[in-house]
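A, B, C and D are the chain letters, set down in written order, and residue numbers restart from 1 in every chain.
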């Protein structure tokens, strides 16, 4: 009995396992969509009722799934403290605190329903390839994280130095200037913070010359790693 | 007779086939240009007359082309419901509904004239290489579509959580926040929606750190696939 | 004598040839800098005098260089109508028309002094590698130019359809909407034109999903071609 | 004794060397964080006191480190005028000038504390790979720097020519227009400067068509070089 359940919950090779996976994936998508619709303004009371009903149905299913997973697990505690175990718990926990806590904190808790999106990853074995690619470029990514951090610190402190006097409300401190660094180095450029002094503009010129390269390099690295991950996969199949 | 026509319509290897292709390509370009000019404000009545005349000429030619293609096709129904068959129909259909329908819906229908642009693809056999490249990275592209979707959902829900209270008119719901996610993760950054709270800015910082990479990786994948597609083509020629 | 001059003007292998190249390169840079400084507002009369003097010196040198190049060329007409021959002429011509034409057209002519920047390319033999790389990906670049054009037409016509009624002054016609397409697909996103309707925003979402990839792919192609161009160069050296 | 000190300061292979490195790295991070916090507005006097104390502790440690490095160096002058020697000096110098100089210049001097960030690079041997990769693509990067410069000059002069009359306060001179070129070609697009005339917009269209590629190519080059640098490293290990 326990063995049968385990094969349904964890084994995608069997027909029942695949069906169960598809069912949970559908419930996750419905739950995420309901959550998004709930945030729309001016919903009719009827719609809100339907959304709450959907939420409760999803919750019951996810709770049953969570309990079953603990039951069938060979080492229950290992599952509970695993990445997916915590995600599965966070996906149902907020609801059970709704009654006992005051309204404001419940609102804050509801954000955790977003974690259900992570549950989708388990049900997509195809996402494994990203895992392989990530481990291939782990070192380089860490390297670029350090370099980017140093570079962002220097650019934030530099622009603070050049622009603080001219725009004290935008470049209030190095921390405030860091917002400008992020928005500029990723080339998003909202336009809410930009240098106006000649010094600040020339500084930005040099920062962009070097910085845009630094920020966009990881994408190239991941792309080539993903290419390699596929080759490794193809080799295994042979 | 039918065989001769077929070779003109479908075979670019013959001289007449190439000439026919070039002629239709020119008519498509003229039609698209005329459509664009029609939208200009303050056109003189003479210009409008000329544009309408061009449109009717193009329409007649495209209608004849469509009928001929049905006639010469070995399996007419297969052509009609093929990708190009539907495009060819959509490129002429709007005009024939202009008389029977009221003015407003005709306006909406005229947008379908844009589909003529797709007709150009058939007449550029060179575009086949993109086809080959696309099939090479199909799996990875689907993968990234899923990851990007999950990522965009989380970023939309997250920014909604941080910014809804401070800017209720911009981050009205998760759907409204999705607009911010698209504009930010593609690094377009119009500046019509951006976080103003400290929490929202720090959240954006982490979202950009991971997100910009996710969104730009497919470009690198396609580039390398296109490179491979060329090699495959070169191998075939040998 | 003519042979000696030719070696100085065209041969970078000799010491005199390299010195001549360096001298002309320096003159070009000085001329470009002077041109930029001339556009600054509130220049003192003394500065303007110095700039005019520099301009005349540069002009005399470039004119002598042009005449010498015609003299030493084995086929003078071939040089005159070559790419560099035309650039060399455009770099000096504007000045000689200054006296005979009225003030306004002279202003327009002065823009041609910018062409002197192109002269720098000849004096940098290293730029040849770009030539090699460009010829390697010529076909793909043409291909992407066609695809991008079709894509931009569709996105311009589409956004015009969605946004024209809501923002008639920004999306006045398909041509006006093309400006939005360029700024959005290259992810520049100035913020002077962006969709405000729900339909327009959803349309932009799909356009960006596909479009950003299309526009950024050529960069990847050129990068890999440049890599190959270097390998070809290294092979030749061996 | 001197030999022992040298091994602690310069040799990461020993246990004491690694501990010393970690200690200095921690002090640098604390110092950088303190510097950033100091720029926050409305700090309590107690906080300022703590920050000053941290700064003095860091300074004493860095000064001792600097003196020790001079003592243990086999060729002291070589170290003093090396890249790291100058960085180490710049990281402590500003403080010692605080007393003797007036308030304004001290503020300007404090920016040099940022240079401490560069000290982090020495303590991360992993950053060496970037060194290797940089030397692999040095030539191409220089090449692109030249091409980008020429391209930026032409685009700045061109947009000045098209937009100066319509927006004299934004495109005041070629130098002012260069700010637009930087922000546009890196696709940051703050929205503080953009063309409004038809000529300027068409010019921008062509500039972006070519320019975005030119600016983003170096990132691709560095990514592939980094890939190669890793292979070289792996080969050495074998």
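Keep this in mind: contacts are C-beta pairs under 8 Å (C-beta built on N, C-alpha and C of every residue); 3 or more make two chains touch, one makes a residue touch a chain.
The structure displayed is predicted, hence computed values, not measured ones.
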Equivalent of C-D within the choices B-D, A-D or A-C, defined by over half of its residue contact pairs recurring: A-D
Fraction-based call for chain D against chain A, same above half, different below: different
Euclidean distance of C-alpha centroids - chain A vs chain C, Å: 42
Separation of chain B from chain C, taking each centre as the mean of its C-alpha atoms, in whole Å: 30
CA centroid of chain A to CA centroid of chain B, Å: 30
Residue numbers of chain B (touch at least two other chains): 187-191, 216, 219-220, 224
Chain C contact footprint on chain A (complex, rising order): 187-191
Partner chain C, residues of chain B touching it in the complex: 32, 35-36, 39-41, 108, 111, 114, 117-118, 120-121, 124, 126-127, 129-130, 178-179, 182-183, 186-192, 215-216, 218-220, 222-224, 226-227, 230
Partner chain C, residues of chain D touching it in the complex: 139-140, 142-143, 146-147, 150, 153-154, 156-158, 160-161, 164, 172-175, 184, 187-191, 194, 201, 204-205, 208, 212-213, 216-217, 220-221, 224
